[in-house]
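Below is one structure; the comments refer to it alone.
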Amino acid sequence: MTAHAPLTARALADRFALTVHGDPDVAVVGVATLTAAGPDRLAFLSNPRYRPQLAHTAAGIVVLREADAEGFTGTALIARDPYVAYAKIAALFAPRADAPAGVHPSAVVHATASVDPTASVGPLTTIGARSVISAGATVGPGCTIGEDCVVGEGARLVARVSLVKRVRLGKRVTVHPGAVLGADGFGLAMEAGRWLNVPQLGGVVVGDDSDIGANTTIDCGALEDTVIEEDVRLDNLIQVAHNVHIGAHTAIAGCVGIAGSTRIGRYCMLAGKVGVAGHLEICDKVVVHAMTMVSASITEPGEYSSGIPAQPTREWRKNAVRIRQLDSLARRIGARAKGDE
Amino acid sequence: MTAHAPLTARALADRFALTVHGDPDVAVVGVATLTAAGPDRLAFLSNPRYRPQLAHTAAGIVVLREADAEGFTGTALIARDPYVAYAKIAALFAPRADAPAGVHPSAVVHATASVDPTASVGPLTTIGARSVISAGATVGPGCTIGEDCVVGEGARLVARVSLVKRVRLGKRVTVHPGAVLGADGFGLAMEAGRWLNVPQLGGVVVGDDSDIGANTTIDCGALEDTVIEEDVRLDNLIQVAHNVHIGAHTAIAGCVGIAGSTRIGRYCMLAGKVGVAGHLEICDKVVVHAMTMVSASITEPGEYSSGIPAQPTREWRKNAVRIRQLDSLARRIGARAKGDE
Amino acid sequence: MTAHAPLTARALADRFALTVHGDPDVAVVGVATLTAAGPDRLAFLSNPRYRPQLAHTAAGIVVLREADAEGFTGTALIARDPYVAYAKIAALFAPRADAPAGVHPSAVVHATASVDPTASVGPLTTIGARSVISAGATVGPGCTIGEDCVVGEGARLVARVSLVKRVRLGKRVTVHPGAVLGADGFGLAMEAGRWLNVPQLGGVVVGDDSDIGANTTIDCGALEDTVIEEDVRLDNLIQVAHNVHIGAHTAIAGCVGIAGSTRIGRYCMLAGKVGVAGHLEICDKVVVHAMTMVSASITEPGEYSSGIPAQPTREWRKNAVRIRQLDSLARRIGARAKGDE
């Protein structure tokens, strides 16, 4: 990572409303972990687990809680939430990919598409009929944007993203490479022993400030739209089927699958590899732990699980056999209990 | 969605062998749900759950079963299977992406490849040596087609599809964006503590009328081909390993993984996130429910499961501990039962 | 598959230090299975399960173990590990995709990028600022390589691969289509009810001779790098989150997900659809069976599992109900056992 122009503890404190302990003129050119940081780097302490590293850090500045500052002899920036403060500071040092305004000459833009002059359309990207690239948006290299799509103001398709058709992205949405939005939903009817595809005529709507991870797929709706509300975070390799609705501020980790027409509330968190069946309602503020199967609606906020932790295989095999006999075992116990009476 | 030229109830009834109840001259320009449809739209009632919506619909035409028509005062098209009839009608109104015949000047086609004059090759697509694009086929933008591939008559690669090598698609096959067919299978041998890749020399064959979902991967076979028979439906983010064979009319939902050399029968249905081990045989007409692990062959048609529904985490944790002690619990019960005798 | 120039049993024996039984002048032009091979093909017998096929094979040459050669009247090449010997012989017959040195005129290479004259950059590929394509490397068609990436000597990006930023591939690394390396990790902080993205400033390092499967995603690290050591094998549709570290010679099958900052040892094997939680340590030589959830560190080599084999649904449903009551069942038994005392 190339070094940034130095920023002093005082400048950072002013900018983000933090308090300086120690020398306010210490300057840093980047960020690093407590153990890797040298005197020209800023580090942070948020997770108490890493507190012992504080004594040995060579970091020029450390962002931490008031309570952790006691006894620390270096320069500190005191924050109520050091991770949040760190995230904002680190953003100052983050390199930004070069994306000049204008349409690269190798891009292929349909005559009826519209690209704002302040937008950037990268090389080898295609933009289909009637699609709109809004002010300040970036469409990176190798994207395919189909017909009737909108990329909102300041949105960014990093590279090699497909918006297939009728996909409308809000402002400042980020879509990572390989994501496919607006492919046909999986709608099938069987007639005389053969599948008939049910036309998928809806679109995909993504609210402002949402992020879509690499190789994640969000299908277009059957009749109405598939909807991702604002400020949603989707990680990589997630499948969102047609007509799913995901509420604002919900975060979903990698490899989750959500079947058709399910509605997930606001401020939910789904951990990795969760599966959610179709046509369910999950209320707000539900946390689902890793590898859980959600096969019924959830109406109470709280935490839900069904994943089984690993065991040595030779023990697990015996238990797995018993699981498959569990009902008869329970009946046997019930019968004996009755007999005891 | 742009409106279509109006079609009357009579015209639709004639075309699809349906019966009109009510005014045969009512015309519609598109389709919608029972609740969203206005007088110029056609809706359908198939799932009994939505029957109460019928009384309040403003739809110009409703497709429904004879039994549901009783008491309905609007214009109806009577169908034995309203969902099938709706699917066919909706297809008339579905917008078709613009794909003119011919090769876009930005496409890169190898000198030994052959593109039928009636086929469409979109912008920024590459076609490798000895590959063939058949009559009426569409290869959308951003695809990479390698060597020795065949895209069958009327087949459609929507956009950004990779056929890596030796992939032969039948007639009217559809492949959605991000799908990768014909990458090397995962064939490894270990020699002196290092992996050796076993050459993957087979191809991939996809039968007529099959569909492959977004970001799904189907590896080429090791020596013989990986085979998807005709009229198969694969959803998004599915992994099909080398030498898998999937029978005709089978439908597989998102996030399923099928390990190498497994053979799945005809008319099977695998729900989301199912895992199937390698070298198995699954017979025809097997239904596997969501998140099930299939680790042995299945020789009887029917339904199979092993997914566990979610519970509140504080209850689940106690149960999960017991699962891992289940064999000793069962033994204890067995011993006590013996002691009782 | 086009036929190769014939190779005799003697020539193959000399090249790979094998012993010929039978006629050393028998020549083959390719490889096939025992059942499909004709007199001009070489087959192999490794898995004892296929031994009965040996009596009926028409293969010109069979690679097998000394013990299996007894009674075989055809020409055999005796190998200690026939699968390894076969893999090396088959590689001689494997067709190689055409990738001439030089940059295809349709590729878009940044002025500050550097491409070795012996490297091949295919059509419709983009290479960003300061990236380096080393000697003998192949970047296939439709790739997007961002800023500050290195493709090592002899490495191969098959087609349509994305290296997003700060991705450094070792020598002879192979990356299959659709893979995305170096997308932002899933690092989030919440402030006043809205998500804040934590800048992801690290990169991805892949060691020599490792392979990355189709549509697999490996995120860049938050501060330090995500690391894949040498000779690792990753199958398709795997998610590797930020700051994961995977040890040398480890092989991971399709659809596995590994959460952030987890460290996996050397010579591990993870079967399909395994999920590994974040911030764990898995020691060397751990085998994890299919669909297992690893939610705690593993400190002993060996085999681990938690996947439940499928059952007919009507039986499974009863068992699944009992699983969710298991703790109270166990308590009831415990109480009764106490009562018995």
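Assorted remarks:
Note that the chains take the letters A, B and C in the order they are written out, and that residue 1 is the start of every chain.
Basically, contacts are C-beta pairs under 8 Å (C-beta built on N, C-alpha and C of every residue); 3 or more make two chains touch, one makes a residue touch a chain.
Every value quoted in this text rests on a predicted model; they were computed, and no experiment measured them.
Two copies of one chain, subunit A and subunit B, touch each other, and the residues they use overlap weakly: the shared fraction of interface numbers falls below half. When subunit A is laid over subunit C using CA atoms, the rotation angle comes to 120 degrees (nearest 5). For the pair subunit A and subunit B, the distance between C-alpha centroids works out to 26 Å.
Residue positions 106, 124, 142, 160, 178, 215, 237, 255, 273, 307-309, 311, 316, 323, 325-326, 329, 333 of subunit B each touch two or more of the other chains.
Put simply, subunit B touches subunit A in their complex at residues 1, 31-33, 36, 81, 83-84, 86-88, 90-91, 93-95, 97-98, 104, 106, 122-124, 140-142, 158-160, 176-178, 209, 211, 213-215, 231, 233, 235-237, 249, 251, 253-255, 267, 272-273, 290-291, 307-314, 316-317, 320, 323-327, 329-330, 333, 337, 340.
Partner subunit C is touched in their complex by these residues of subunit B: 106, 108, 124-126, 128-129, 142-144, 146-147, 160, 162, 164-166, 178, 180, 183-184, 186-191, 193-199, 201, 215, 217, 219, 223-224, 237, 239, 241, 255, 257, 259, 273, 275, 277, 287-289, 292-296, 298, 300, 302-309, 311, 315-316, 318-319, 321-323, 325-326, 329, 332-333, 336.
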